[in-house]
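Two complexes are shown next, each including subunit A; its partner changes from subunit B in the first to subunit C in the second.
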Partner chain A sequence: MSSGADPNFFFKPETVAVIGATEASGKISGIIMDSLASSGFQGRIYPVNPKYSSVKGYECYPSIGAIGEAVDVAIVALPAFAVAQALEEAASRVRGAIVIGGGFSEAGEAGQALERELKSLAVKTGMRIIGPNCMGIYDTVSRLDTFFIPPERIKRPGTGHLSVVSQSGSFAVTAMDELASESTGIARVISYGNSSDVNESDLLEFLADDEHTSAVAMYLEAVVDGQRFIKAAARCAAKKPVMAVKAGRGGAGQRATFSHTASIAGRYEIYKAAFKKAGIIELDGYEEFIAACKVFGAAKARPSGGARVMIITDGGGVGVALADECARRGLEAVPLKKEVEDGLSSMLPPYFAVGNPLDLTGSATDEWFASSLEKTMAGDDYDVAIVAALWGPPGLTDGLARGIAVKADESGKPVIICSPGGEYSRDKSRLFTGAGLPVFSTPESAVRAASILAKDAAFRKGRERKPTRRQARNE
Partner chain B sequence: MNKTASVIDALIREARGALRRTLTEPETKTILKAYSIPVPRFKVIRDRETAKAVADTLTYPLALKVISRELTHKSEAGGVALGMHNAKNVEDGLFEIMLNVADDAPQAVIEGFLIEEMAPRGVEVIVGAIRDPVFGPAVMFGTGGLAVEILKDVTFALSPIDREGAFEMMNEVKGFGLLTGARGGGFKDLDAIADVIMKVSRIMEENPEITELEINPLIVYRKGASAVDARATLTAVV
Partner chain C sequence: MSSGADPNFFFKPETVAVIGATEASGKISGIIMDSLASSGFQGRIYPVNPKYSSVKGYECYPSIGAIGEAVDVAIVALPAFAVAQALEEAASRVRGAIVIGGGFSEAGEAGQALERELKSLAVKTGMRIIGPNCMGIYDTVSRLDTFFIPPERIKRPGTGHLSVVSQSGSFAVTAMDELASESTGIARVISYGNSSDVNESDLLEFLADDEHTSAVAMYLEAVVDGQRFIKAAARCAAKKPVMAVKAGRGGAGQRATFSHTASIAGRYEIYKAAFKKAGIIELDGYEEFIAACKVFGAAKARPSGGARVMIITDGGGVGVALADECARRGLEAVPLKKEVEDGLSSMLPPYFAVGNPLDLTGSATDEWFASSLEKTMAGDDYDVAIVAALWGPPGLTDGLARGIAVKADESGKPVIICSPGGEYSRDKSRLFTGAGLPVFSTPESAVRAASILAKDAAFRKGRERKPTRRQARNE
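Now for the complex of A and B:
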């Protein structure tokens, strides 16, 4: 753990240097220069490389010392062996460094020694270090983009209110790309790699108070300081949903296995317990991670009040599949109240069987979907709606998504879209993502998203029930 | 240093002195008793000659268990005899255990015997704890007895654990129904289990030298519970 300054400055830098900058767009530092130039970053950009006098149209400096002002963030794109020396020289004029390259503790003994050098440099100089072996920061607030994969390969998400913290760079970029394709926005993505200095707890502390972040999704391999992590995560989770995937589940650690307890207690059981203690929603892998990002990150994402689900569809079978999955995951497709049922019956043809799931059949229209959503979500009967619109009925038009989005807004409750089907349906499902609604392609994944919302609701209720004690424990 | 701490400290010092990392069953139970976790009344004898006199100070029926650091799984080596109803039974039982151990684990040094009052039948649960290098003490609760390794019907929570946290743990295991009257078993003393979970959590917090602690089974009754078997491990000395 570093005793340096809090690392919040990484998220509002005015000056950025790229140490090892080159002209070549095929090289990592060239891609980073391109990203900085095109991402809309408003601060000053200083390439540093004694070999050039200019890079990508920016004046290039032989050293950090030659730049006429202090640097907030230095992005280091140098081979592992050269990093420590470059940073040592720069330390007095740099607040924080993002060390992109690998070849450190993940790469054998020599790399471990290099990483120890970085660590002690951070302690000695107070300079904060993100990485090494990371992608760094993609930030739609400050517009910093240090990800070294060009946008034509990995799409960048637009502005949103979800932040992602990932120990793995590949996990972070792949998730970003998927979210961008689903029109899910992002506030900040931080890929922090080997966490030689800045670690998950530092980042949670920053994100807890970050007004641009309303939910946090994490990918963790190993936490550095357990007690600090629980404290930081609990503080953040008290303000906004915090979700996490723990990867690397195998391995019982270095324990003796004298007792049953020790032989059963793998790393994963302990992380589960830690998540529970901190109020972190546990995600069971990549799919659930993406589901959580969508359901908390969509423009029209809203927290749910609980586990009562209203299912509206125009396909009977899909409705039943949704109801079955709800039952399996402990969600309740509560029957309609009499007055709600009467209201729906008066709108629909007399031969309709009105219930939950509500099957609008092949006669469905945009208006039926919108009004059904309005009538069922108006009271306090349901916490979340799953709308499964199959595109068969001729009465459905491109206006369907807009209509549902408007009613979702009016209800103030989360609405999840389930849009199964092939090419035509996949194409049409963009109407929903475009309207800011979270879309899932199968009944199972839609219900899984609803159950993540319900877990968040349960944590919030638990905190409301015993606020004083939780606070006392977290001080 | 208070009495509890000094009792435990002496135990740990003795084990360390003998270069042992495992505590014997009576040693572990002494720690449990120091934290007022209920255990069956027991005595330790070092030789067969004193068995009768010691047994008569307890209430029959009694259980006999061999004490040996080499035997972590006593019953598998024939090191346990149950249902001793009189002094004659006790003497025969001890003899049989010695023969069994000589057959099954001839290398094991018999340090003595635990003579203990038999606990009545009840629902068997397990309460264990380990010290995690990153997150500190974690307590395990689950369906107990011999099937624990197969069923793995357990849950973990990090220390410290309050009463509500202990009840949440009980709720999380599938075997919870066995404690609340499934199969006509009647409602068991959940508060007594919660007490044990919280106390095990405290033992781990207050005794950093203990790295593993396990009560299996903890037998739970309509009123009360009893830690029938227990074991503990100390941290490695570096």
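Now for the complex of A and C:
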């Protein structure tokens, strides 16, 4: 049950209070103070704790009431039993609270009673609450960072145009950290835990209209209000891709969501149907989630037109693995047209077998890769290219990534890089991420990404063909 | 058509010649000379090239005949057109040749004729040939290394007890490099390319009896002699796990195998049936191949008894993802027995929800992880444990890996580590690999590994139950 007030202010706060702030960098509230101080947040920061007169160099207040102005977002880092009272006292001067700690509905009857208090408080006062049992918000637009794990343990992604909504804090944190290490940027990450007040539908409504967000990836354990969710998701999906993992699909996973975020996971089939109705692209787990984030979050992310894949590689076996995986996922490595084949043959040595997959072999050069991409993607034969560059061939240089990025731009189509192997390859793959291209370390993950693009294309095409109600009436 | 002589000598050579050896480290033969010199090979090395009197500090011979002794293995680094004549001249003094270069059956009619010459030569002279169009052998037992990519580009794995057989050179090289970067050891890697003479069955026969090999992972595009292959694989699988990817399963992938290693990939269904008959565990692509290598190649690799999985984590969302993936793959996160649940509850704070997955939350400590593993794996409730340690919680130290490894040893059961995330986590995951445990960076890959162990267990149980012919007759 939402209290109704628009929670968008969480994403443009001017004043932030940390209730229960401490000096100790090892404690949750200390880490949050450090994060706020170092994240580039431009608003005013008010630690609140009657025990201190200053925390981390900021003047510390004995109560919210003692701060000379209203507070947009209060981050609450108190034990579960103390949260409701602190918020009740603060409610008249606080628009929204992020309740970090656990010990609520996910933790037995006593915790359930505490969470009911929070819910009533939100309804009664109109204060919006994110959480409890969550990490809160990491936002590269407002620069708010309430994640209570220090950046040396969990790297923060740079600015990007993808937003992540996750009921699970650990899932959000792990994904953020992985995306940061792979140079995928982020607009906003929201970990909303037990969703006592602000829920997935509120967040979708905000993100639908958020100009900084061009795609949304979600991790859901349960949805609070199915009808509202479908409406909010459909409105968002009409504007930008919305993708979601439904976690807790049955058996042990389903049981686990209850002790995790107090979610009653519900029948998976119902979620599947709701996703379909809303136009949400379903992701089947962590690996697809990361693939979706990387392919839609890349600086040079481009939507695909469909399922026709061109594969270019210098490793024959990896080309075969890519083609096999495409077939498994309903994508097709369509054979080359005669004139394209002839164009490639005239560029390559006479004994080369030219096809799709195109194997440039250990004789590959930067120029061969770039020209092959150009020649195959020039017409309308392919919707997406997967370029699998193994770094063995001596003819490859650091210029390879730039050359491919230029031809990718010219083609106007998505180009996905597959760069499997060990440390040398992982190091070299940064050249591709640096050039704005999405990079995957296995053939399967590259094809996962292409497959998600194809699903998005199919959804968009379906929408174009489907007349609106008004059109239908006029026909 | 094999020439029949046992090719095992390839794995214990005392004398190695490099035909076409050069000084240039940028050329294939130069890289091979460097590899042989630095790999710790203890036999005698003879560069052969009429143009030089010494190569890389070794005395260079104008011909094989000029070397004062017979040669066990001749590595041929010559252009395709020159190979057959060079081998014909050398045949009387060489037991086996590794023909590195391409330009044979995979490269049109002229190449096919050249490869037919090689085949006839092998039959006529009894000299065994590995290749052409291959990387040859990387062997941590004999220390032979014919892989022509420098170690700064492709890392060599350390000594281990897993052997890899791959028709594709790039697949072998990429997997080796990835395994080396993840500290998985290797006994032998054989990349055998077009299999003009030595083929997958020869290699399985050798590996079946190889005391240094405890598990075999294969990448196959095609099999030369189906009946012989099933027999060889069944004999090997009776002694140790044999796992294989069938590449080129249809459509574009199938077409690609022909231009890659001149393999006629054949109907996938036939391969599937043959694998089943032989007791080969089928792997569905690169990711399963790597998972199989890591879980069977880990220093503390242990077979599993079955499909009952215990999941222990400090990240609730990752626990749910693991449980969901287990369900999808036919594994089961079986609920805890009452007495085990009570034992865990008495160790953990009273408000903890104790179950399987077991979520130790952000309050997790090294001790909680170790004790949870001990308490859950002590009885016969579980066949395998997946421990997903996220490194956020401040209570975790570098001692975590050692503590888990000790309890894993005590349990006598396989323990799989899931350590997702970015750079910090990747760095910390080395503590687990250092302790001999297999580590996976996504929930899906950890469950892939558990699933391969379960398939191996099911195969072994099936064998135990099946009476031998003699037993059946006596009943």
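Note that the second predicted complex is superposed on the first by the 450 of 475 C-alpha atoms of A that agree within 3 Å, B and C clash if a C-alpha of one lies under 4 Å from a C-alpha of the other, contacts with A are read in each partner's own complex, and residues count from 1 in each chain.
Criterion: a contact is a pair of C-beta atoms (placed from the backbone, for glycine too) under 8 Å apart; a residue touches a chain by one contact, two chains touch by 3 or more.
These numbers were taken from a predicted model, which means no experiment stands behind them.
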Regarding the shared-chain residue A:Ala274, is it in contact with subunit B (first), subunit C (second), both, or neither? first
Is A:Gly40 touching the first partner subunit B, the second partner subunit C, both, or neither of them? neither
Check whether A:Gly57 is in contact with subunit B, with subunit C, with both or with neither, and answer first, second, both or neither. neither
According to the stated criteria, A:His260 is in contact with first (subunit B), second (subunit C), both, or neither; which is it? both
Subunit A residues touched by each partner, larger count belonging to subunit B or subunit C: C
Partner chain in contact with A:Val223 - subunit B first, subunit C second, else both or neither: first
Could you pull out which residues of subunit A sit against subunit B in one structure and against subunit C in the other? 253, 255-256, 258-261
For the subunit C and subunit A complex, residues of the former touching the latter: 26, 102-103, 106-108, 110-111, 149, 152-155, 166-174, 177-182, 219, 221, 245, 247-253, 255-261, 284-287, 290, 311, 314-321, 323-328, 332-335, 351-353, 355-357, 359, 361-362, 390-392, 394, 420-426, 442-445
Could you please specify the touching residues of subunit B with respect to subunit A in the complex? 21-22, 72, 126, 128-130, 132-136, 138, 140, 148-149, 152, 154, 156-158, 160, 162, 164, 211-214, 216, 231, 233
Subunit A residues touching subunit B - in the complex, by the definition given at the top: 222-227, 230, 253-256, 258-265, 269-270, 272-274, 276-277, 466, 469, 473
